[in-house]
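Below are two complexes that have subunit A in common, paired first with subunit B and then with subunit C.
Let's look at the complex of A and B:
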């Protein structure tokens, strides 16, 4: 069985990102920067109705606009649009301004329907308008039950009932969805902002009826995806069709407005939780009803997938008696997609809020209550480390007992990420040149997580070279394939693959050159003996070097102004494990990023729909608020390095517990629970009885 | 509803609104409106350019760019789409994300909010203009060393804002850095490392508090 080298020079140490310089100088070419010869702009006309039958689209006026080279309909014949922002048609032209004119010129004959619903609480009522005609809006999940729940509640000393809700969150990657597509007689090349070059190729070839060998997808640099960029997407299909019509490459990147409407989100959740414990603090009974909306993605065709409204319950804690009933509710809004640790952040918020509420009712310290009920040994250690770092014992006070107008509080929550794991179907190759230079090629993507750096670090360690001596290329379907980058899979997939390539390279170098150990100082001498041709070595993912799952806990310290309702996060302590750590610098970045995204989920982020018009009200960065530099607290990261476990990804677990920890800290500060995310000033003041309650959408 | 009075049905018209204001205020507003209209008429009489493409000359990173642009083309579009300078990024195209930040006579601006024709005669510096002979600027170097970038899409904008800050204020406090970066968004959550990078570029020694525990 393969094993990782010990001690290490680069693995588990700090290596700066190998593609840092191109990113910091503007040299990096993202999908949206591609300027193929003779390229045209592409733009999409979207539905201004939440529900309508489109009976006719006249593209001729658009084609008369100077510079417009092609126009296509999103679909042929009559069709129905089911949300504000659904694609209707697209144009390509020589200038962006011309395209804007052309979109305005397109004539659409539509029959808007008054029967639509954008609010999940309305959509689940009897007689609500059907999002998909003939199909109920509510799709119940399979009920899950264990033990005797009703009897068990009777045996509990303390029982709480709570209602915890989370809002629809948008991915909002800084680079929008889209690609530049060039369609020639040989096939198509798509420079795509995607997390999955192979899934993108698969989707494009299928939809455009091309052989897969005729489709090449390239993703050299891409500006974030967070789960929303796996499939080919309507926008890339339209770009390809426009390119075929115009006989020129088409760059079609969504506008920020488009991005908010049509390319994914995290479903909402409405969790009614009843939970009970025995006198000694042992969890004994749990009952939950949960529903949420995945937009039009629930109730009918889930197209795009990966973003259902069901969540893992009861989360993290083994309760002997439980009953869970969930449902997904369709509404006339853009479909959900996978979003960083799908299902986990809302589950964490519901369950961890209930845990604190029950601890309070039992008169127990919520940290003690967790240590009593969480059987996971890794998290047990992490809680103790984090508590020490934060000074839990000294800082923990009874809820609401902090004095003054600005009240302070602390809270904690745990995480797990069981999904993803390494992909066995990961392959790669390296060209070793006689001059000693070496290039790795893997058909994976670096979505900002540091994949290129991970490959360079592992290769440098294995070959006795420096990371900067390793050239890394990813993001091309001409390379040996690997998994889509999501679910914290990539690091655990590529690391063993690079290990295998290096082992084979050293064996082949030995066979070809007679030098028994080509590593380090022998490297150049060995390579020189290759003659003229490079040595090309193929390798695959191998067993025993990577695994899953990852855990993690986070602690939050907040200050809440009881006059304005404003929550300020003072500090986050994030204690995380991910087996053998490859590069602690980019790892720390991932954890910071997870925490900050979780903080946005806790305090700011929410898609707001207008019930009457069916329109999304905040499809921009002015009104859909992301955390900024001034909002970000001190984040203290503690890494639990466990080399014996092998390599595990970290992208997902780092964002799971943040919102729950912040929510618990707010409840600890106030002495009352704000059970609804985002925790806005209005909700804080309502919880304090200072203003009327805010309706949750 | 271009003309609220024409709509008629509403109980709140422009007339009632004006009545609500004092007569002095109304007179002031009216006088101002007349003055603006007169000014516009004067300007338009002098020169009407567009709507077709017109010659535009930009000074970017010390070089002259001669372009043919419709007057409605923004500076960001001119850089990204009419030259090869794609370093400034489009994240929102409406002055909310800061990915398009460039220096305009040394001051940071959103290039998506400046028409290219307005930028003529001014010195424009983009992210491509910071490195000298392949050597990264101190800010760029600090961003790389502190890993103040993940996907990297917001990075050029942050680096331009920070470059402008340090030029004006070589030793900023944390609050001053936060203020200078208030117009830049990052979705990967790189903020703590950005703060560290700015301090490092300002010559303040920064050590990570991150602790690695083995086993």
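Let's look at the complex of A and C:
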């Protein structure tokens, strides 16, 4: 069985991103930087209505606008739109302003329906307008039950009941969705912002009725996706059709406005949780009812990676007696998509809030309560490390007992990500040139986390070279295929594959040149003996070098102004494991990103829909609020290196527990729970009982 | 956006002439760009660049009064060491506005004249009362950011941090109107917004803010705001206070609040009450009660009442120095 080398020079050390300089200088070309010959701008006309029958679309006035080369309908014939922002038509032209003018010129005959619903609490009610005619808005999940819940509650010493809610969160990748697509007689080339070049290729080919071999997808550089960029997407399909129509490449990248409406989100959750423990602090009974909305996406289990509203419950802690009932509620709003650890951040917020509330009721320190109930040995270690770093023992006070107007508090929460494992179907190749230069080609994509750097680090380690001597190419469907970048799998997929390529390269170099160990200082001499042609070596993912799952715990320290309600996060301690660490710098960076995203979920982010008009009110960064630098505290990342486990991904677990830890710290500061995310000043003041009642009209 | 003509004016007379009835002035352009891109205002036929108008980028420092030109940037106010000493509240207000990048180009005139930030007004596909529709969607809808006090059906609040602070400092805007310079108090500059839903201030088409004049009679001033976030976010509530303090007693105190009314919200009786008083917890609390008396919170903005109360108390206590 293969094993990772020890000791190491590059693996588990710090390597700066191999593509840092091109990214920092602007030389890196993202999909929106591609300037294919004669390219046009593409733009999409979206529904102004939350629900309407579109009976006729007249594109002719758009085609009369100077510079407009093509216009297409999103769908043929009559069709129904079910959310504000759904695609209706698209245009391509030589200028942005021309396209904008053309969108306004398109004549749409629509019959807006007054019966629509954008609020999940309204949509659940009897007689609510149906989002999908003839189908109930509420799709109940399969009830899950274990043990004798009703009897078990009677055996508990302490029982709490809580209502914990989380808002719809948007992905808001730094790079928006879209591509530059060129459709010629030979087929399609799409320079796409995608986290799955192969799934995108197959999606485009299927939808446009081309052979898969006629579609090439290229993703040289990418600015994030967080789960929202797996498929071909309506926008890229429209770009392709516009390109065919205009006989020119079309660049169709979404605006922030588009991005907020139609390309995915994390479903909301409304979790009614009842939980009980015995006198010694052992969890004994759990009951939860949860519902949330995935927009027009009508439900289904999302625990593993889909876009439904169900969440894994009870989360992390085994409870012998439990009953769980969940439901997904359709509303007239953009559909959910997989989003960084689908289901887990809301589950963590509900469960870990309930854990703290129950600990308080039992009179136990919430950290002790966790150590008592969490059977996971890795998290047990992580809790102890994190508690030490934060100074838990010294800082923990009874809830609400901190003095003064600005109260401080601490909290913690745990994570698990049971994905994170490798894709066995990962392949790659390397060309080794007689001059000693070497190029790796893998059909994966670097979503922005540092996949190219990971490949360079593993190759350098295996071949005794420096990372900067390794040329890495990814993001091209002409390369040997690999998995989509999702579920924290990429690192665990590519690392063993590169290992295999390198082992084979060394074997073949030995066979071809007679040099028994071509590594390090022998490298150039061995390569020189290759003669004229490069040595091309193929490799595949192999057993024994990667695994899953990953865990992690986070601690938060906050200060809450009890007169203004403002929450300030003072510090986050994030203790994480992912088996054998490849590059500690990109790893830390990914955890920082996960924490900041979790902070946004905890304190700022919320899609706001208007009941009366059915539109989204905050499709921008002005009122859809994201953490800024001034909001972000000191983040202390503590990494557990476990080489014996092999490589595991870290993308998802890093963002799972942050909101719960912050929520618990706020509850610890105040002595009352703010059970609803985001925790805004308005909600803090309300929880403190300071907000006067309002006479309803 | 709609096609428009563009001209640069080199005198106030020509600016006025160029803008006529269907044009708008362009200074920093931060607010204007958003309004144009989302078709939120009718027209305009012409954008008249006023950045070259002579003299409007000057700060003149008199003994009794300062004059700050309408083209002075927010960043200049923030960085001016003398303003920090003479009008500390103005300094603090400037430093909370938007982001450093925006402050570098945003102007005093633009900050005072900026349009509503109500998310219904800003929503391109909603025709609300302020845009000439017949309904204020916020009243029964998502009104967490809206007014506690208004004299009309629109509940969009004023958000100009400078306007709030200049109200507390009893400053006047000097406005070119029909070829004449007109002095308007901050109350006058915004009063129309209190009563007319379509208005966000009292300026008529073609009116041009030239400068603000600030009396130096209140050497103590302070400004505080609280937002959802720590920077680059609109105030949920903002508060400015200014006064002279002699022998521990306030004289000529003025308090103004932002984001709770279409105008900088001032209550004369509270100012009168504070006059001659010593700053202590009971006094500032009573003043806060007086200012917030009669607030009409809606479904989602009642939190602004305790928040405003806290900010009034804190801002006044800051005047102690």
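Before moving on, here are some points about what is shown:
By definition in this document, the second predicted complex is superposed on the first by the 683 of 697 C-alpha atoms of A that agree within 3 Å, B and C clash if a C-alpha of one lies under 4 Å from a C-alpha of the other, contacts with A are read in each partner's own complex, and residues count from 1 in each chain.
One rule holds in what follows: contacts are C-beta pairs under 8 Å (C-beta built on N, C-alpha and C of every residue); 3 or more make two chains touch, one makes a residue touch a chain.
Just so you know, these numbers come straight off a predicted model, no measurement behind them.
After alignment on the shared subunit A, the placement of subunit B and subunit C results in a clash.
Of the two partner chains placed by the overlay, only subunit B lies in contact with A:25; subunit C stays clear of it. When both complexes are overlaid on chain A, the residue A:297 reaches neither subunit B nor subunit C.
Note on subunit A: of its two partners subunit C and subunit B, the one contacting more of its residues is B. After overlaying the two complexes on the shared chain, residue contacts for A:630 are found with subunit B and with subunit C alike.
In the superposition on chain A, A:449 makes contact with subunit B only, not with subunit C.
When the two structures are aligned on the shared chain, A:12 is found in touch with subunit B, with no touch to subunit C. Contacts of A:227 after superposition: neither subunit B nor subunit C is touched.
Of the two partner chains placed by superposition, A:203 touches none, neither subunit B nor subunit C. By the document's definition of touching, of the two partners only subunit B reaches A:174; subunit C does not. Looking at the shared chain after the overlay, A:411 reaches neither subunit B nor subunit C. Shared contact residues on subunit A (touching subunit B in one structure, subunit C in the other): 97, 622, 627-630. Interface residues of subunit A facing subunit C in the complex, by the touch rule stated above, are 48, 84, 97, 100, 563-566, 568, 603-604, 608, 610-613, 615, 617-618, 622-623, 625, 627-631, 680-682, 685-686, 690-694, 696-697. The touching residues of subunit A, counted against subunit B in their complex, run 12, 16-17, 19-21, 23-30, 32-33, 35, 41, 95-97, 172-176, 221-224, 226, 253, 255-256, 385, 447-450, 581, 584-586, 588-590, 592-597, 620-622, 626-630, 632, 634-643. Residues of subunit C that touch subunit A in their complex: 1, 117, 119-120, 122-123, 125-126, 137, 140-142, 144-145, 226, 228-234, 236, 297-303, 305-307, 310-311, 314. The touching residues of subunit B, counted against subunit A in their complex, run 70, 72-73, 77, 80-81, 84-94, 96-97, 99, 126-128, 130-131, 136, 140-141, 143-145, 147, 149-156, 159, 177-179, 181-182, 184-195, 208-215.
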